[in-house]
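So that you can tell them apart, the chains are marked A, B and C in the order they are listed, and the count of residues begins at 1 in each.
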Amino acid sequence: MSAQLVQFLLSGLTVGAIYALVALGFAIIYNASHVINFAQGEFVMIGGMAAASFVEAGLPLPLAALLAVGGAMLVGLALEKLAVEPARGAPVVTLIIITIGASILLRGLASLVWDKKIHALPAFSGETPLKLGGATLLPQTLWVLGATVLTVALLWWFFNRTLTGKAILAVSHNQLAAQLMGISVRRVLLVSFGLSAALGALAGVLIAPISFTSWDIGVMLGLKGFAAAILGGMGSGPGAIAGGLALGLIESLGAGYVSSAYKDVFAFVIILAALIFLPDGLAGRRRATERV
Amino acid sequence: MLLRAENLAKRFGGVHAVQDVSFALAPGTVHAIIGPNGAGKTTLLNLLTGIYQPSEGGVFLGARELTGLPPHRFAAAGIGRTFQNLQIFFNMSALENVMAGRWLHEGGSLAAAALRLPQLVRAERRCRAEAHSLLDLVGLARWADAASDAMPYGALKRLEIARALAAGPKLLLLDEPAAGLNPTETHEIDRLIRELASRGITIVLVEHNMKLVMGVSGHVIVLDEGRLLAEGEPREVSADPRVIEAYLGVEAR
Amino acid sequence: MASPAAAAPPSASSAPRRSLLALAGAVALLPLVLPNNYTYEVAILVGLNAIVCVGLNLLIGYAGQISLGHAGFFGLGAYGTAILAVRYGWPTPASLAATVAAVALLAWAIGRPILRLRGHALAMATLGMGIIVAVVIATEDRYTGGPDGMSVPPLAIAGHVLAGERAWYWVVGVLLVATVWLAQNLIDSPRGRAWRALHGSEFAASAIGIDPARHKLAAFVLSAALAAFAGALTAHYAGFITPAKASFLHSIELVTMVVFGGMASSLGAVVGAAALTTLPQLLTVFKEYEMVLLGAVLMLTMIFMPQGLVPTLGKALAAARGKSR
């Protein structure tokens, strides 16, 4: 395997891990409410920007990261409480517009609270590149991959072993039945938004040392995370992860071997092809046949 | 015209919803398909209207094979239906629902519609009049301009029938038309079915209401667990011990 | 998946005709109150956006589909006529007509596979298509001038150049009224009912002989052609275009205008376009707070008026009229 290929694979997996975290955020909210949260990318932005500004203010990195993720979680909870909950009965298209409005609002707030400049977060364990079989590897890459694996494991434990997690799954399968079982759908929605926001912010903190952060990085990241979630089969957790990684790899290999000018396009071309030939996504999840 | 099912089967994964079902429906009679819950009645109906593709077997109208065609071509061939779970166009008024049903006869080009050519204006007037008379037929004259989402359940069941009739079908499949209706409303449905039958439309009824079925149909098909259990005139079928067993279970000894 | 939408629209002729007359009246009388060239410019932009929105509303509000990539068609319309006129020297009426026809053909070709998709998958497919168009436009700078954009010659018919705010105002005004007239005719016809039937219940629509694929495609192609037409006009009016016109953000703006104004209402589409084109202009006064305010306005309007502005106001008006009896 050539060193260049290894390089592309590693950077592909790294950015793919970020897409996977964003996609998971989409999937969790979609499962609880059937809403596509277009503000998801902004949580990534908030994570990176908040952490960067805390570090610039003098706080140690771990604390800054923790506060950033916590802050984003609060924003997610606020979004659910103030914007989504009051609009509960509205048509889905309206809810989508609300989240779009929220993403515009958050971006506007970000440009006011911080600024429109590019910020960097210091790498977690230094900048010295490591050598792996001829390719150079930033230590931050290991942090990204490691943290993502750990997060996915924690999520698996949460959804399968805790009552709250199982309640969220119940709502995603059948909201009415879950309510009849005594599950508070409102609380499930609240937890889903908080959790998705935290995931997004974590992704933002992890990637900021590598690709920097600014007030408007949320838009493209959100779109690609959405694409990854669809690729994996909307609503499927494992699918979101697979979709994110696949997207990251395709993008990296495409940019490296085909054309770097069209880097952003690869993801969407593959999505279009996948949607046309595999309408149910990689996970192949069949929608329950509608009863007529 | 004769609707024929030949060895129809439909599988969903491991579930055999319909297996090896064959029958022929003669014109001019009211037919009924009955069976306990889960027998496959609605699945069969969906097979006969093209919503499901059969896993095996075929559907024939006269000499023509309809198997594999999309649902709108079944409709164009003269097969109409109503739905068990109401599929009313809630974004339109009652009258517009019925007018929509006339698509196969109105159609028209995009340009003629956009430019509102005189022939279209005339056609619209006729369509409106036809829709009004259909609403009269099913007893919904006073609901004509009402928003469909403001109408009571019983009225909506009849609206679906009016809409299906607007397409001018030769064969009309009614999926549980009396479900959720009180005795007075059910009697109305009975009267309506007889009226439609007298106008030459062949009716196929999927129903649980035995009184309605036995009173109005001339030919009954019984399904149980996806298979054809019995077939014949109402009196024969209701006396058939296998049918009784399927509904009520074996008598305890 | 029928969703009870707003109350059934009023009977065939009355309300749509009233709103068309109101629109024609507004277009005719507005110049009496417009003080300067800048306000004319805003009015023209409103009109051009409204043309796109009326078309998009046919797709979203009536046929019940979604498109998050319509700015792609708009951008293709703008760049198509620009490239044909500038790089190949075509006379502008020809470049405009050819571009609209070409985009309609493209929409037909793309629409066939992607309209088989539903809901968020369709949203993603249209979104992806829009982004691909935007990136290609920005990258192929030999043809398009890249991110810096390119200049566009004005529209010239038989030697007469269409220039100046006043002339363009009347042209766009007439075209807008014509578009709304055509749209309302379409909605109140068998084909319009067929589209609305698809939105109401695809199963029931097919049971009365309506072919979902064919009709979704027709709505898609028509709305794409209108978007391209408006895009081409915008290019000739502004004299300059940039890839931002084809961007995802612009696609979202267009959908938001339709939903904000009220789906399944051509008047709603016009009102939505007017509101969301003028609002950012008004908000530039607040400069740095512009985005915050815009986002807040969107959210609050959708939370308190989920069916959109026009249907909600319409219902309130009807209720008030009922009470005063």
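Some observations on this one:
As a working rule, contacts are C-beta pairs under 8 Å (C-beta built on N, C-alpha and C of every residue); 3 or more make two chains touch, one makes a residue touch a chain.
Please read all numbers here as calculations on a predicted model, not as lab measurements.
Closest chain to the protein centre (all Cα atoms averaged), using per-chain Cα means: C. When each chain is reduced to the average of its Cα atoms, A sits farthest from chain B. Chain B and chain C have Cα centroids separated by 40 Å. In this assembly, the C-alpha centroid of chain A lies 47 Å from the C-alpha centroid of chain B.
Centre-to-centre separation of chain A and chain C, using mean CA positions: 31 Å.
Contact of a single residue of chain C with at least two other chains is seen at positions 3, 5, 203. Among all residues of chain B, those that touch two or more other chains are 51, 83, 87.
Under the contact definition stated at the top, the residues of chain A that touch 2 or more other chains are 292. Of all the residues in chain C, the ones that touch chain B in their complex are 2-9, 11-12, 182-183, 185-186, 188-194, 196-197, 199-201, 203-212, 218, 222, 264.
Listing the residues of chain C that touch chain A in their complex gives 1, 3, 5, 60, 66, 113-114, 116-117, 120-121, 123-125, 127-129, 131-132, 135-136, 139, 203, 248-249, 252, 255-256, 259-260, 263, 288-299, 302-303, 306-307. Remark: chain B residues 49-51, 70-72, 75-76, 80-81, 83, 87-93, 96, 99-104, 106-108, 110, 112-116, 120, 123-124, 127-128, 145-150, 160, 163-164, 166-167 touch chain C in the complex. The residues of chain A lying in touch with chain C in their complex are 30, 36, 38, 83, 86-87, 89-91, 93-95, 97-98, 100-109, 111-112, 219, 223, 226-227, 230, 234, 261-262, 264-265, 268-269, 271-272, 275-276, 279, 290, 292.
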